[in-house]
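What follows is a pair of complexes built around subunit A, which joins subunit B in one and subunit C in the other.
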Partner chain A sequence: MLIVGERINTSRKRINEAIANRDMAYIQAEVRSQLDSGADLIDVNAGSRHRSEVDDLLWLIEIIQETAPHARLCIDSPSPESLKAVLGKVKHRPMLNSTTGETARFEGMVPIIQRRDCDLVALCIDDRGIPKNENQVLENAARLISDLEALGMKRESIYIDPVIQSVSTNTKAGLMTLAAIERVRREFEGVNVICGLSNISFGLPERTLLNRAFLTLAMKSGLNSAIVDPLDKKLMGTLRATAVLLDQDRWCQAYTAAFREGKVNQRPE
Partner chain B sequence: MSKELVNLMVDLKEQEALDLTTKSLEQGVDPVDILAYARKGVGLVGEKFANGVYFIPDLVFAGEILKGINKLVEPYLGSGKEDDRKRLGKVIIGTVDGDIHDIGKDMVVFTLDMNGYEVFDLGINVPKEKFVEAIKETGSKVVGLSGFLTLAFDAMKETIGAIQEAELRDSVKIMIGGGQIDEQIMTYTGADAYGLDAMEAVQLTKGWIGG
Partner chain C sequence: MLIVGERINTSRKRINEAIANRDMAYIQAEVRSQLDSGADLIDVNAGSRHRSEVDDLLWLIEIIQETAPHARLCIDSPSPESLKAVLGKVKHRPMLNSTTGETARFEGMVPIIQRRDCDLVALCIDDRGIPKNENQVLENAARLISDLEALGMKRESIYIDPVIQSVSTNTKAGLMTLAAIERVRREFEGVNVICGLSNISFGLPERTLLNRAFLTLAMKSGLNSAIVDPLDKKLMGTLRATAVLLDQDRWCQAYTAAFREGKVNQRPE
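And then the complex of A and B:
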């Protein structure tokens, strides 16, 4: 499982304040704790600070790379212009989050992909909007994959996001996503599937419980990357345990190491 | 019968509520009264939601039960929709151009509907021209613009600009809502008000066109 740490996001109040005040120490501590907890990439999202996204991203990228020179970044913006404006500052091979199959957004992304070797999150949305059923997810995935491959991108660099919808308005939403994940992985060998888990539980109480249950099911269906809060010990514990059960953790090495480091212990502290 | 139906709605007892409706209709209870009780129950479900006792699925379920009751009642209503006379006013709602988020928008549509307003839901990714057209066609006095992405702020501003250009700005009140909206964004877009949840949309609408 590839873990993208989601905490550096201006929709979180403390992060938003820290960015507004250019509080370098706070952000850098957030980055280090995510890496210590098992994040493979650090997601950087400054989208909710109106009109200052590019400046904020540039500052974030600089101070994150200063404190974690080896960390890979996932630059998170729906705007191709913003991505283009900051990409030059990213040292290691970036992940871009994200494009969709919507005509304008995809076309905006084309020159960026051509200029820089990167991983790319591709949301299964097209001009019709959010997919209404499993087949529509698959159609969108197929088109995105073939369009990206035509641009020279390798399948291994493509992270298909099936767009999880909340079970609170449609209790079939979970099954639909699980089936779609399974089919994307089977029908497009080599491609990755990623998702932001927490949408599944929108509008319900004790969301983390639903998120964890869904993570387990989604990993069984073939999810091999997730955008999560790596500081959520219960979620990360579930993830590591599930990896063992799915034979993704040889001789349980990651799991037992995480135990020794106090990372999967479930007893109250 | 009145209190019983309201209570069954509040407790989300689908089968019991439908059975009671059937029985009451057979006994000659005024179908308009039945609908009023059912709506009252849904309104109370909305209150429980606002108080954190109920959740989104409960709201959707209440809407489903109400639909079922409507179906049973319909044949007993005279020709023409008796229902319409109870509508308090018209509201246009849509997620602005470039944004496809619908959960928040749907909640606002649902809550306004439940509170007696006639809602014209334009859907998601709605071009500014469509809002202008809808105002002309429906004569609505209230427009709600929804958006979750920060990109939506510009689309909201442009939509309100288009409404102004069509010389309709003075005839409508415009409210905005979505993810990150605050006073500053409201001023930026040129809207009249913003709301943080679906009930605020109802309060704003009430303040503007009554009900």
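And then the complex of A and C:
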């Protein structure tokens, strides 16, 4: 599992304040603790600060790379213009989060992909909106993959996001996503599948309980990357335990190491 | 999901003491709290008290049926003789836990099955021992099902236990069990699959974390019954959440009811 740490996001109040105050120490500590907890990439999102997004991203990229010179970044913005404006500052091969199959958004991404070798999160949304069923997810995935391959992108660089919907409005939404993940991984060998998990539980109580169980199910279906809070011990515990159960953790090494370092153990029962 | 409450078991120290002291109030409270937490059946196991097992079971059955006259019981003993000796006292249709494909143990069960309509847990073990791979689980299941059907038992009364082994000694054990569960449910339509979960995590730290994730995976594969502690809020939370995600909980009704009654909510994150 490739783990993208989601904490550097202006939708978090404390992060938003730290960015507004240019509180470098706070942001850098957040970055280091995510890496220390198992994040493979650091997501960087200043999307809620519309007017200053590009300046904020440039500052964030600079101070993150200063404290974590080897860290890979996931630059997170719906705006191709913002991505284009900051990409030159990113030292290592970036992940871009995200494009969709919507005409304008995809076309805005084309020159970026052509200029820089990167990983790309591609959401299964097109001009018709959010997919209504498993086949529409697959159609969107197929079109995104073939359009991205036509631009020279390798399948291994593509991270398909099937766009999770809440089970509270459609009780079949979870099964639909699981089936779609399985098919994307089977029908497009080499392509990765990524998810933000929390939409699954929108509108229900004890959301983290549903998010964790869905992570387990999605990993079985073929999810091989997730955007999560690596400091969430319960979620990371579920992730590491599921990897053991699915024979994705040789000799249970990552699990037992995480346990020894106090990173998966739960409060007493 | 059919939930068999596992707490009345002499391997629990406090239960063993209560039985030794004929502490009726303690046992009856344990029964009521399990039913109140969602148990569909109450497992009754005095197996560790070899010399007095039958007497203990008779006493337990009597006082459990006194406090919970509508409850169904799951009489849990490896000994056909013990099961035969107490079965007459069981008011409602019993579940018997368990038989195997081992010749002596199966043959001991035949007259019991012929005398009383019951549900039966059948472990996929035969004279060769614990199954070594998915095909052996299936072979054992096939033989048990055909032998039980030949005795007039309906598939709907058969609960196949695939016999979980620990991932700590064989990292493929989890995947093997999941594949076996899927195949049993698909190839023998109508048959139920039941598990005790905790073997999966034997030898590893934070076992309950692995047990919970495995419950989620097993339910997706077709597990439709489990022997669990219904007072374990974390496990029951996982079970109810997974049922929501798999579209097994109409309108999320059981989940939200359990939440309102404080039965799935976790400690603050």
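Simple rule for what comes next: the second predicted complex is superposed on the first by the 267 of 269 C-alpha atoms of A that agree within 3 Å, B and C clash if a C-alpha of one lies under 4 Å from a C-alpha of the other, contacts with A are read in each partner's own complex, and residues count from 1 in each chain.
The criterion applied here is as follows: a contact is a pair of C-beta atoms (placed from the backbone, for glycine too) under 8 Å apart; a residue touches a chain by one contact, two chains touch by 3 or more.
On a predicted model such as this, the values are computed, not experimentally measured, just so you know.
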First (subunit B), second (subunit C), both or neither touched by A:S166: first
Which of subunit B and subunit C A:L246 touches, first, second, both or neither: second
Partner chain(s) touched by A:K220 [first = subunit B, second = subunit C, both, neither]: second
Contacts of A:P205 with subunit B and subunit C, given as first, second, both or neither: both
Partner chain(s) touched by A:P78 [first = subunit B, second = subunit C, both, neither]: first
Which superposed partner A:E189 touches (first subunit B, second subunit C, both, neither): neither
First, second, both or neither for A:F259, with subunit B first and subunit C second: second
Set of subunit A residues, in rising order, touched by both subunit B and subunit C: 167-168, 171, 204-205
Contact set on subunit C toward subunit A in their complex: 167-168, 171-172, 174-175, 178, 200, 204-206, 208-210, 212-214, 216-217, 220, 232, 234, 237-238, 241-242, 244-247, 249-252, 255-256, 259, 264-267, 269
Partner subunit A, residues of subunit B touching it in the complex: 55-57, 60, 100, 102-103, 106, 124-125, 149-151, 153, 179-180, 184-185, 188
Subunit B-touching residues of subunit A, taken from the complex the two chains share: 11, 47-50, 53, 78-79, 125, 129-130, 166-169, 171, 202-205
